[in-house]
Structures are given as structure tokens and as C-alpha cells.
Amino acid sequence: MKTVRPFRIDAEALSSFLPSRAIRGWQGLLLLGIFLASLAAAQAQGVAAPQTPSAIATLIEWMPFILKGFVLNLVMSFLAMGIATVLGIALGMLQLSHSRLLRAPAWIITHLFRNSPWLVILFVVMLLVPFEVELPGGRNLILSDWIKATIAFSLPVMANVSEIVRGAIVSIPRGQWESAESLAFTRGQTLRWIILPQCVKRAIPPWMNWYALLAMATPMASILGVREAVGNAQAAMEAAGARPELLVPFYLFLLLLFFAYIYPISIWTRAIERKYAVET
Amino acid sequence: APAEAADGRLQEILDRGTVRVGVLGAFKPWSFPSTDGTQEGIEIDLAKSVADTLGVNLEPVVVTSANRMQFLQQGKIDVIIGGMYDTAERRKIIGIIEPAYWTSGPTLMAKEGAIASWEDIKDKPVCAKQGANYNKQVQREYGPRLVAFTGNTEGKAALRAGKCVAWLYDDASIMADLASGEWDGYEMPVSVLFNNPWASAVPIEELDKPWGVFMTGMAYRWQAEGTLLELEKKWEVKPSDWLAEQHKRLEWDESYLDGQ
Amino acid sequence: MPLVEVHDVHKSFGDLEVLKGVSFDVRQGEVVCIIGPSGSGKSTLIRCINGLNNIQQGSIKVEGQEVNDPNLNLLELRKKVGIVFQQYNLFPHKTALENVMMAPVKVLKEPKKEVEERARALIAKVRLGGKEDVYPGHLSGGQQQRVAIARSLAMRPDVMLFDEVTAALDPETVKEVLLTIKELAAEGMTCILVTHEMGFAREVADHVYFTDRGVIVEHGPPEELFTRAKDERTQRFLSQVV
Amino acid sequence: MFSLIAPLFQRLYDETGLNFIIFYDRYEYDRFVSGIAISLQLIFWSILLSLVIGVLGAWVQTSRSRLLRGVVNGYIQLFRNTPPLIQLLFFYFGLGAFTPQVDMGGYYEPLISSFAWAILSLGIFGGAFNVEIFRSGIEAVPKSTAEAAESLCFSRWQTYAYITLPLAFRISLPALTNNLVSLAKTTSLAYVISVPEMTYTLNQVWSDNINVPEMMLVLFLFYVIIVSLIAAGLHWLEKRLALPGYGR
Amino acid sequence: MPLVEVHDVHKSFGDLEVLKGVSFDVRQGEVVCIIGPSGSGKSTLIRCINGLNNIQQGSIKVEGQEVNDPNLNLLELRKKVGIVFQQYNLFPHKTALENVMMAPVKVLKEPKKEVEERARALIAKVRLGGKEDVYPGHLSGGQQQRVAIARSLAMRPDVMLFDEVTAALDPETVKEVLLTIKELAAEGMTCILVTHEMGFAREVADHVYFTDRGVIVEHGPPEELFTRAKDERTQRFLSQVV
């Protein structure tokens, strides 16, 4: 019987974590414009006392300080992504290992970190990991707060990279494994030369998407006292007298800052995804 | 490891050429950032005097009320000068330096006329700071609905937005706020629950070693030499009777020197 | 001594017995075709010979070496036995030339230059000279299949197995691939083919085996089998296919 | 319940020093239980709100008005591309300052509590993802199926209600499961605006009692269980609603 | 008065003119087949009759009612005209019985009990008695197609349109579906069929139209058209298909 399967869907294409499908550059600019307009509106709203500077003036004064914090957000996101990628690839391959002894822990680690809130992982690492660890050579490695936060952020991303890698490997047709096997490739050689190179393309869009999610998670570090953009913005508001009219412009500015960074990444991710979709 | 060095932390600091002082990051006017990102405030000035006396550089490390003791235990900072109460419990874990350099107690800030006594906050939302050690006590004794925030800024913003009746915090800080002119129409309607000195602290094992002894000397001088009274003036904090009293008590009567 | 000896092979997938005692021999240089209805176990048989499927009972020997031996070095076996599948399974991220070179370079660690020379010769042999640097995605099905054949040949196997290598191709390209196999057979390569192309089987095979439901029902030289099949099942199958 | 487990955990503390105070101290126990209740409510309402937004948004996206579609698209982009933490802070502190509050005689009871702000903010955040999920689902329903309904005299709305939506929902379920699970996890962020949910409550407990590792363990278990339950429930739904004969 | 009157219909998709002036009539009880090469506009023509596509010029009348009238109540029209597509397009989340009952219950708001009775009768009529509670995914293509026919009939249409209803089916199941349509025609239902099954057209049709590139090239009773086609294009088409 010829089966018509109109309802087969590509779960990955629908995955909530993939970037928006209808994404365009000019929309981003438009949204940026709306941001700026609301900043101006917030300015008009604050009835500043004559001797105090206006909210916008205060924001501009503190902007370098906030941007300095944002650099830390970026640094944390880069480092965490690097760690997550390396560990995640290893973990993803372990998940497919023939040995139960390797597969089971890999599966548990992956799912534990995938299913725990980032904030909880952050708390665990920040409060339970010591500030100094002794290296084998007898030297001490100092783990400052932001480094610990970086490690904490890398864990959930690692687990998700692990799943991406596993999914990509599984999606390679069996025939590839078999023909490599019949050409006398060992399992490791097959993975190294045949399977992984084919996975890269499939994995890049979700990988980039996870980077965006990671970058957007870094402000959580402020809760534990790391001085990144949000923490700095809050300290700045306190230093500027904790005036209530500061709240809207400052938080709006933070939103804008992240939007201006993340949105282009989303567009780019989407473009790459489209390109690969056409190629295959 | 630092603890192993025979001369202890003090030697380590001198070798390092930097003293790491834990300060609260957003606690005006004791310690708060300036627009260039560096810290300033009363506690920073105190920290500077420590560094200057030792002839080393100062590295202020921003801590929070929730993590400052861990940081000290872990060796991440050499000393806390960060608005910390001297309590019996804390003395078990860290080396509290005597004498204290400031004092304050939990009180409330509220819109004028909203609150008359501590009993008034029962079942009402009261903003607080996460990790403050009197939260539990106030909660148990007066039964407010405590809404604790991670930072002072948020807590006070919440009060201003009417999300709570009062802001439960140290009177010293509240007085500073009221004096700043940003809080017209607000008041401190109740007396402090208790008065608790703020002490600096070193790791507990350092308390009787050179580093603890040195810090004790510094703390004594801040009081005796009137450093704290000067800082009070410099940072426009409402003069505190306790400081004046301490200064008088600890000041060495040097008048006999004049006679020689 | 026969190059491949298959003796009383039994193979089950779970409860399903797919091969129920199959025996046959293939001598050096012989070309053998296996025909039979779908599901009769042809692919399974051929995959057992190269160790892709293990067997439950019986013995398979290649150059006197037992395939079913758990201590056997599978890699050694696979160097001797090449296989080409219906779905060519080329490596899509490598060019035609790289596909052919990959196994000798990565697995046998042969010097790259030498392998490249051989690979180019093989690609020319399957009449794809000029397509060396093209990726599989840009080759037609028939061309891909011929690259797959060259890729197997690059390991210098003693026997080549072909599993319905033309089934996924359209009639025109089938011819190209069959031509390549024919040339190979003519050069003396030992070949075992599963095929539905009866005309081709008749032309190149030295011996044809007809399988049904896991057993060899009948076998013989092609002229004999195709014209004077004795078994009723064979007759019915041939009447439908030819 | 409490009196049942209290002696057990008291003894555990006395003998091993493992301080699960929430299981033997009445005050902390009550805090813990209310933390669970608030977390569950928070998860439930934010998921519900996000679903409502998702369905409405997807519906608007099929509308003919370019303006409406543009607005919804802008909403999606804004909320998908900014950190949810800052969204929460912005909603609560930024917008919260402009919302009406009820004068309760001397003090004010805000019309929208921090709990409500958390639901609003998280629901809107999760909704942005749901709109896209539902829209993809609707797009994946073969046009010809809707056309068959049309030729059977179904009106546009009837086709949407009886054919397109039920099918789209089934198609969207796997992605929806993903998103709702991550939304449930994200509710822990309500901590920053002091909603006394699980993370906040246990944080209070451990700063009062200095038993961080034990409370962390409880926190971890809580979320793992909640997330597994939600995922299991949705997978069950997925199985139940699976189109017979179209399994993968 | 003819039941369906198609007069000089023109229809374009963008720049592509698909129907270039088509006219024909269908009387009550008549069975009409439309044949022609792929892309000649057969599906488009049939879809225009039930208002799924609108037309740019000309007129289509069903029971004297102009289809192309913008004020026409499309629902009223569609109650009169049933259509069955090549891709049966059953509702996959409903059982066979529910599929058949859905439109009368939801759209016509007829009482459920009554509709159910009728639906069961219809399912029996398409020889699917016993399959009432089976979901489309578990039915074969031919069975699905027959449910689709029953589903259309449940609306008690005056005309039935069939658009290559057997094209997606394998030869065996084709017969079942054709039998159903034959019975329907025998009972006096007015039918317009697009089909590639010439044998079937010859057997059931009262009149056959041959279309090519948007026009009716030739038409007549089947014996005549199939044996004595005058136009060269018709001859060529028939020689290929029959």
C-alpha cells in the first residue's frame, strides 16, 4: 500500500530553541528604533528636580560603566561556549558509546543538566565549588566569581550540545556506517572521518542558537554579585541616588544592549540554516 | 597555600604587594561605584588607610552580604570591611576585629504616616535585603510578609513603587538616604530593634596572628585618631553619637606630652 | 580450494529465520548471481559473507578463513571482501577521488601519493575520468554507483559483493553500471551479485542461484536455469521477472 | 505528614549533621510547603498564559492585516532576543512603578503583585516562543486537507476550529513540550523579584541556617521532578492524540 | 435545462492562462469524463465548478445558479456539488464514520442520530461496512478514497466531481474505487470525472471530453472518441495511454 504521510514533521525545524523563522534585518532596526523612542518617552516622564541631572543624563554618564560590565557578559559567554562545546561533543559521543558503562553516566549527566534551571546550577556552582582548587602540580588555581559563573553557564549548554551532537550523529543514515565498516574502518575512524564531518553542518544552527541563549543567561551572574552589565547597572542606580525614574531607562538600555547583540546572531543563524536547508 | 606560611597572611600581603579588601559594592555612602567603575565611600577610605599603612596597593573586592564570609574563609579576600554586624554566631566562623568601626540596627523606612510602630507591619508586605541576619527575627517577631531582594536598589525601588509598606534595613543606611534629599516624604518611624556594631573581620585563624593584630591596631586608630569622625563629615552622614562616644573613650589622653 | 565456501548457514533476526541452511561455493575468478523474490534473504546472505551480519549456525570461509570465528580480525576479512550496496552510500562531504582514496589512506595507511595514482586509475576504469573532484551530490545515481564500485576496488579485494546495485537507478544509467561490472568480471575478479537483471545475469554469470524463503531452491549455469528450470517456484518467479 | 517525617530528619541531623531543617522545623517546613505551592502556581499560570498568547498570536499571524502581523512579529523578536531576567526586572521595577495601586489606608497594596508580574512576564516570554510553534504547526497542516473541508461547506472559521487547529496542535506538541519545560525551569528566575517560590524560599532557608548543600539537593530534586512530570504529561498527551496510522 | 452549464470559461494563474474558453453542458444523471494530458487544465476546470478556484471570464451555472457571481452563497453551491480529490484528504484525527458525519452535523446542523444512520448506510454502500471506527491512517489508499466518496455523498450533492481519484492508488485498489463510482453512476448520480483510466471511461461515460492546453479539443460518446478520434492530438494521446 502506498502510504501518504502528510503529517510527518521535522521536529527539529519546529524546536522551540531554533531561531524565529520570520526574521529580517530591517525589523531589528525598527525595534531598535522603538527602544530608543521609549527611552525618550521615559525621559519626558521623569520629572527631575532642578538640581538633579535628568534620568537620561545619568544613564549616559554611567553608560561606560555598564558597557564595561557588558564586556564581562561577552567574555563569560565566549568562554562558557568554548567549554560547553568541547565537553558537549565528548559527552554526546559517549552517549552513543557501545559500552553501557560509558553511556549511562553520559546520559544521566546530559539529562540532569538539561532539566535543571540555569539559576539553580548557578547557585550550586557558586556556593559549593571552592574558590581555590589545588592543581596536580601543587599550585593553586584561583576561581574567581565570574570564572565560576562561566563554568556554571557552560554546564547546561554542554548538556544541550551533547544532545545536538547525539541527534546529528543519529541522523546520519545507517548506510554511511555500514559502507565505512565494509571498507574496514574501525568505529573510531568512522566517527572521526565519516560521521562527524557530516554532522557539523547540521549542528551549527542549533549550536549558534544555544550561544544566543547562553549570552542571554549571563546576566543571572549579577544575582551572585558578579559585576556584569546588569549588576553594574544596579550599582550605578544606587550610586546615582536610587531615584525611581532611573529604573525604566536603565533597564530599557540593558534590554537594548542585549537585543543589539543577540538579534544579529539570530538573523545570521537563520541565514545559515536556510543555506544548509537548500544545499541538502 | 596561604595559611601554611609561617608568618601568616600579613607576610603574604606584603609579598604580594596588594591587600584584598571585601567591600559591599552598592551601599552608599560606605562603598559604591563611581562612574569610572572604581569604588569609593567610607569603607573604601578605611581600606585605603590599611593599604597605605602597609605600603601596599589596595584591591577592593566587591562582595555581597550572602557571600562575604565564604570569601574570607576561602582566602579570596584578606579582610572584610563591608557593613557586617558583629554577632556571636559569626565569631565562631570568622575573626571579628575589635573595636568596631560603625554601628547600626535594623529599622524601617516608610512613607510619612504609614507606620507608627513595629507592630504595624504585621501581615503587610515589607521589603528587605536578602541575607540580612535580622530578617528571620523580624519575621518571627512581627509577622510581616517579607519580600527580600538581592540588592538595596531593588528593595528601595520596590518601596517607592508602593510594592511594600516599608523598607527594613540598617538605620545608618536609611539615615544616609534620608539625608541625601532623594527621599522627601519618607521617614524612619520606628526606633532601631537593636544596635549592632559593624566590625571588620579577618580569617579566624589569623585573629591572633600578625594580620589580626595589625587590623586590631588599625581599628583602634580609626576610633582613637578620629578618622571615623572625619569620614562622617566627608561623606555627609548624620553624626552618630556612638562614634563620638567611642572616640572619646578610646582617645589616648596625650595632654601630658605638652608638659614635657 | 574455493575462494568462498558457504556451508549450511542459518541466520535469524529474533524469531524470524531468514536463512535456513544455505550452502554454495565460489571459485577464484567465478561470477555468481543470486536471484529470488524480495525478502528471500539475498541481502542477508551477502552481508553475512562480509561479516556485516553474524550467523547463528554453519560456516562461511573466505580464502579458508572462517568468517564466523569470534576471534577473527574483521578488518583483515573486509580487506579481502569488497561490497557495494544498492544505496551507494558515498561519503557526501568528500569528492569522488577522496571517496576512493579514503579507506586505503586512513585504514591501510598507504602513502597518499601512491593511493591517489591508483584511485585516479580506478575512476578512469569506471569511466568517470574528469569527475574526480566532483562531490557525490552533483553526480547522477549511476555515476555515484560507479564511484562506490571504485571505492571498494581501491582496497584491492579478492571478492566483490554486489547487492542489487542497479535497483535504485533508472533504466538508462543501469546500463553504465552493468557495463562496469561486466568489465570487472571479464578481468577475472571474483564476483557475487544479487540482481534482478536477468538479462545481465544470463550474460555474465558462470552460475546462478535461485533463493526463496531462506533456502537455495535451484541452481545451475544460466542457460540451464533460465530455460529449463525444474522447480515450480523458480518457473513462476522467472515468468514474472523476465 | 510533618509529624511523621520530623523525628526522622531530626535524628538524621543529630547523628550525621545533615541539616534538612525544612523537614523537622515547623517554621521552615511551612515556608517550604508554601514555596512549593507558589512555584506550582507560578508554573501553571505562566504556562497557561503562554499558551493563550501562543494560540492568539498564531491566529493573528494568519490574519490578512500586515500591521497586526507586524506587531506580533515585533513582539516575538523582542522577547526572544533579550534576556528573560532583564525582562522580569523591567516589568516589575520599570512598568510596576506606573501601575495603579490600591490605597489600603496608610499603605498601598499594588494591584499587580510580584507574583502576578512574574506570571505576566514569564507568560509573555514563553508566549513568544509558542506563537512560532503554533504557527509552524498550522503551516504544516496540508492545505489540501483544509480545502477538503472547504469543499464540504465548512466555513473559514469552522475549518480552523475543527480541522486546522486540532491537527496543528498535534503537530506542535513535541516542540511545545520542549518549550513548556524550559518555561517551567525559567520560573526560577522569579527569584529576582522576590516571588517566594522554591528557589527563593530555599535560598532564605540556607542563608538562615547555613545548610547550603542539603537545600541545593532539595532544590535540584524539586525541579527534576517537576520537569519530568510536565514532560511525562505532555508525552502522554502526545501519545493519546497521535494520529492513528501516522506514527513515525 | 442542463444541470451544469459551462460557457466560455477563461482562467489564469498570474500570467499563465490555464483555461482558454471551455464550454460544455452536463444533464441530470449524465456521466461525463474529462481526459487529456497532464497540465491541460482538467483539475482547474473541475475546481472552478465547485468554486474552489474563481474564473476570470465566462460563466458556470449549476442548477441555473451562476457560480461566478460574487454575491453567490458559496456554501449553498457546495452543498449541491460534491468533490473527491486525488489525495483523499480525509481528516486524520477522525474515524471513518466521523469523517462522513462531520459536515452534515457541523455544517448543516442536522441531528446527529439521523446523520449517523445515513453515514453508516453510505459506508456500507462503498463496501466498507465494519470499518466505521477505523482511523484513516489504518486504511489502505483505496479504502480511504472510498471513505472520501462517502463523505462527499453525505452532503447529498446533486453533482459529484472526481479528480483523478485513482491516480495515487496501486492497480488492485483502483478496481474497488472504480466499482464504487460505477454503482453510483448506475443509480443516476450526475458525475463529472477526470480520469486516466480509459477502459473505465469507455465503460461508464455518456460523453467524453478531451482537453489539451486549456481548450476542449474534441468530444463525443466514448465509442466514437476512442475509436474514431478526428484530431491528431487526441489520436496521439490515446495511442500512448490506452
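Letters are used for the chains, namely A, B, C, D and E, taken in the order the chains are written, and counting of residues starts over at 1 for each.
Note that in this section a contact is a pair of C-beta atoms (placed from the backbone, for glycine too) under 8 Å apart; a residue touches a chain by one contact, two chains touch by 3 or more.
Note that the structure is predicted; figures quoted are calculated from it, not measured.
Common neighbours of chain A and chain B under the contact definition above: D.
With steps allowed only between chains in touch, the distance from chain C over to chain D comes to 2. A rotation of 170° superposes the C-alpha trace of chain C on that of chain E, rounded to the nearest 5. When you average the Cα atoms of each chain and compare centres, the chain farthest from chain C turns out to be B.
Between the Cα centres of chain C and chain E there is a gap of 49 Å.
The centroid of the Cα atoms in chain A and the matching centroid in chain D are 20 Å apart. Taking each chain's centre as the mean of its C-alpha atoms, chain B lies 83 Å from chain C. In chain B, the residues that touch at least two other chains are 66, 150, 154, 157, 160-161. In chain D, the residues that touch at least two other chains are 89, 93, 97, 142, 144-145, 167, 170, 192, 203, 243, 246. Shown for chain A are the residues in touch with two or more other chains, namely 6-7, 127, 223, 244, 247. By the touch rule above, chain E contacts chain D in their complex via residues 50, 52, 75, 78-79, 82-83, 85, 87, 89-93, 102-103, 106-108, 135-139, 148, 151-152, 155. Put simply, chain A touches chain B in their complex at residues 52, 61-62, 64-65, 68, 126-127, 130-132, 140, 142, 144, 222-225, 227, 231-232, 234-239, 241-244, 247. Those residues of chain A that touch chain D in the complex are listed here as 5-9, 11, 13-17, 19-23, 27-28, 30-31, 34, 112, 115-120, 123-124, 127-128, 212, 216-220, 223, 230, 244, 247-248, 251-252, 254-255, 258-259, 262-263, 266. On chain B, the positions that touch chain A within their shared complex are 1, 25-28, 32-37, 62-64, 66-67, 70-71, 74-76, 150-154, 156-157, 160-161, 177, 180, 182. For chain D in complex with chain E, the residues that touch the partner chain are 142, 144-145, 147-155, 158, 162-163, 166-167, 170, 241, 243-246.
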